[in-house]
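Common to both upcoming complexes is chain A, partnered first by chain B, then by chain C.
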Partner chain A sequence: MEEILLEVNNLRTVFDTEYGTVKAVDDISFTLRKGEVLGLVGESGCGKSVTNLSLLRLIPEPPGRISGGRILFKGKDLLVGDEEEVRLVRGGSIAMIFQDPMTSLNPLLKISLQIAEALQLHRGMGRKEALAKAAELLKAIGIPDAEARANDYPHQFSGGMRQRVMIAMAISCNPDILIADEPTTALDVTIQAQILELIKSLSGENTMSVIMITHDLGVVAGICDTICVMYAGKIVEKASVDDLFAQPLHPYTKGLLDSIPRIDAGSRKRLYSIPGSPPNLASLPPGCPFRPRCDKAMEICGREMPPETSLGDAPRSVRCWLYASGEGGLE
Partner chain B sequence: MGAARLKKNIIALAGVGIISFYLLIILVSLFWLPFDPVAMDTLHLLEPPSIKTGHLFGTDEFGRDILSRIMQGCSVSLIISLGATLLGAVIGTLMGIWAGFLGGKWDHLIMRVADILFSFPSLLLAIFVMGILGEKTYNVIFAIGIVYIPQFARVSRGAILTLKGNEFVKAAFSSGASKTYVLFRHLVPNIMMPLIVQVSLSLSVAILLESALSFLGMGIQPPYPSWGNMLSGARKFMLLAPWTAIYPGLAIVFLVLGFNLLGDGLRDLLDPRLRNVK
Partner chain C sequence: MGTQVEATPEQMEELKRLFGEDKPIPVLYIEWLGRVVQGDFGFSLRTSRPILPDILQRLPLSIEITLFALVLALALGIPLGIAAALKQNPLTDIVIRITGLLGLSLPQFWLASLMVIAFSGVQGWIPMGNYISFAADPIKNLKMLFFPSLAIGTGLAAVIMRYTRNSMLEVMQQDYVRTAKAKGLKKRVVVIRHALRNAILPVITVAGFNTGYLLGGAIVIEEVFALPGMGRLALYAIYQRDYPVIQGIVLLIAAMFVLVNLVTDLIYAAVDPRIRLDEGGR
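Presenting the complex of A and B:
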């Protein structure tokens, strides 16, 4: 196994709102190894994006606040130390790409200048050198006629090309970790595949670790090594991609997998959907947050939050009373 | 590159042409005027425009040459309009950027102050300021400038808030850019477009406000000419001697047009998305 690059321990991020304290990320722990592609899966509002913004301390404060936990990057806690130290990590060692390529580039600056920005900041390159490297990067991510296109403005690029540019910006300083926050959600399906392929190949070539946030299990299946399933600010199940699809444990994961339309299911079968809707994070009921929607709910689920139970080989673990008490276990 | 692009932009070029013409008139008026703009001539009251008498734009109710008065008033009107807009734009924009970028308490404090200023009708506020400061030419600049502050604060704050939600700002922060860098590299250049529109509007409105103030007797004091007090003087004789109102009115119309054309053209030049549009 490769060395551990990033270790998140009991991370908690809350937002103080007028409706009370919203626990957006509640006691999350995971590790990321060198070259690993980690998928963070869950519905909208389950805390995926907040988790990743917390990693770089980009949560707007106030109203947000990281209330506990540790984020060890190469052994150093990113949550202690001043703003300046984290600023050098951002874009340098940990880079991010976002969901909407249409607004993720400054409309007034040429593409090349925007890519050169991080290089000048983190690598101390001069303007000329950085611009040359920017053109090189554009070529590497598959922009045809890269030298000429480098001097174009963002509005002259299509959505897929802009997302490529975002990736070029993110990888410009050879980061150890690339955080991709739903990078394909705003793109059409053929472009999605290309972008995922690009991320995958970059991760392979540069032994770059990737944290992929998505709500699309198809994306996860194609690219990730390990998967964390999130629900209401908690990681409810962790598993390698093969284990998760072969044998989902948590009722929520099972529900998610059953909700995928299947071509071999027959046309008369209605598509499954998990009943109910995600809970309000400002007023969570006691016990397991998934209980109201769970078809296997037991008496204890309404009283206590199930602990994280490790099963089989790491990273396999699940937070569910079905497995915690030893009654359930792997069937 | 700017000059070459300017040549292609006919609108901006027309604006520049008009403004340059006014500047030329100011320059000429410093050294030469057809007549003394304040000298009364009781033998030639309200004379229509005529080449024979030399009064090309006619004379007013005191027999003063209207062309000379327009030329002299040109510098006053331009200085007031530029000065007031500059004052309002600089202070208002700084306030708006500050409020929008920092948010929270600062936002509330600054924008409530702007709201208080905004709650007065602009002419009333200008009269109020003139009443406090006294009727001097440069006080007109302050009075109109203060009227503009909340307008610029609102425009720039709104633009900053919209931009802050854009992912390129998040992306800049996530790639390690500092707050100052993001502010000056990504935010400020992007609010220039709405600001330029506001500036060109303000330049025009300042001339009208100055006219209104002068009309009410609180602006430029007679006998010194401004386009505003010329118009207000002409009110009584407009039907009898239309030239007393038409020529100062035209001077205002073309200057305002010039400012607006320039503003429009500049906005197109600064936005790469509009640059190569035919």
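Presenting the complex of A and C:
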């Protein structure tokens, strides 16, 4: 097995709001190996994006605050020390792509300059060299007439092209890890496929690890090796992609998979949806946050959060009393 | 006005004919405009001298004070606005905001009078009817115009500060600022290259719009500091009911207003590529 690149232990990120402290990320642990593509899946507001912004300490403070845990990148804790130390990791060893390419590029700066900035900073290139490399990168990610288009401004690019620019920017410094926060959500389906294909091929070529944040299980099935399912700030299930689709364990994961329209199911069958709605993170009920929506809820679920239970080969684990040994009992 | 002597109707008619006011007002106005575009602003009722040369002789000083005031307002307003937006410390923000509110509320003439009282003892800083033109001695000239310009520019500095602060707060939340941070750029680069450039756009609009008012402010302040600018000419014309002079000055101020707005639009286009029409979308 490849070496562990990133290890997140018991990460907690909270937001102090007027309604109280919101635990956006609550005790999350996962590992990322070299070359691995990890999917972080869950509904809107479950803490996926906050988890990833926390990795590079990009949470707006205040109101946000990382209140605990460790983030070990190549053995070094990114949460220790001042921000200046993390700053050089940003864009260099760990790069990010964001959800909305329409607003993620600076409208007043030329495309080439926005890519060149990272190269000048992390690769110590001169301005001219960096601009030339930027044009080269644009060509590599499939922008036609790249040399001329490099001097365009973002508003002259379409959404799909802008996301390609974001990707070019992110991979410009050959990062070890690429964090892609819903990179295809804002794009047309055909463009989505192209962008995913691009990310997949880049991760293969450069042995780059990827953390893919998405609410789209189709995306996950297409490119991920491992999946973490998040609910209300917690990882409720971890599994390899094959295991997860073949045998989902957590009732929430099962619900998610049942909500996917299937081409082989009868057309008259109504599409399943999980009853209820995600809980308010500012006032979580005690116990398992999924309990109010869970059809297998037991008495203990309302009292205590289930521990992480490992099942079978790593990384398979689940946080549900149905699988916890001890007082919860088995099915 | 002392003893009033009634004029006879015949004398009134005679005078009206002399001043060319024996026609209906719209006609008079059109005729006046026709002469103005040819550079003929008419004659002063008091001095009988042509108006335009008198105005043009005083205009450069008023423009200089206005520009100086604009520069001071930008130099004070933008850095303070950025500081107020970025400081984590709420106290800094509050102090800057209260200072800004004061700057906005203090009447210019009062501020100017305070400056005269406070600094009239300091040689060369307060003009005492001994105005030196920029051409004659730039340093003495700028020294002399510093306080008048500051008095006029304080209000605009406060406005610019508030706009910069609000705009900066908004821009710092934008996705592209997060992108810039995620690239690993230094905070200074993120703020200046990525945030400020965007935040400055509404500030340019406000500054441009208010520059016209600075020129208006110059009218009062020139009197306080005894500066021989166009404002003072306007003020005396008003005292003496020298209507053709007032009319000429108002027209010029209006023209400057339009000109400043045009310049603002050009600057805007230079900063924001989305506004440049010649390139357009491909």
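Convention: the second predicted complex is superposed on the first by the 325 of 331 C-alpha atoms of A that agree within 3 Å, B and C clash if a C-alpha of one lies under 4 Å from a C-alpha of the other, contacts with A are read in each partner's own complex, and residues count from 1 in each chain.
Keep this in mind: contacts are C-beta pairs under 8 Å (C-beta built on N, C-alpha and C of every residue); 3 or more make two chains touch, one makes a residue touch a chain.
Computed from a predicted structure; not experimentally measured.
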Overlay on chain A: chain C relative to chain B, clash or fit: clash
Contacts of A:278 with chain B and chain C, given as first, second, both or neither: neither
Which of chain B and chain C A:45 touches, first, second, both or neither: neither
Partner chain(s) touched by A:98 [first = chain B, second = chain C, both, neither]: both
Which superposed partner A:88 touches (first chain B, second chain C, both, neither): both
Touching partner for A:117 - first (chain B), second (chain C), both, neither: both
First, second, both or neither for A:153, with chain B first and chain C second: both
Clashing chain C stretch [against chain B; choices 3-11, 39-47 or 129-137]: 39-47
On chain A, positions contacted by chain B and by chain C: 56, 58, 62, 87-92, 95-96, 98, 100, 103-109, 117-118, 121-122, 153, 155, 166, 169
Chain C to chain A touching residues, read off their complex: 88, 173-176, 178-186, 189, 193-194, 197-198, 271-274, 279, 281-282
Chain C partner contacts - residues on chain A that touch it in the complex: 56, 58, 60, 62, 87-92, 95-96, 98, 100, 103-109, 117-118, 121-122, 152-153, 155-156, 166, 169
Chain A - residues contacting chain B, complex: 56, 58, 62, 87-92, 95-100, 103-109, 117-118, 121-122, 153, 155, 166, 169-170
Chain A partner contacts - residues on chain B that touch it in the complex: 104, 166-168, 170-178, 185-186, 189-190, 270-273
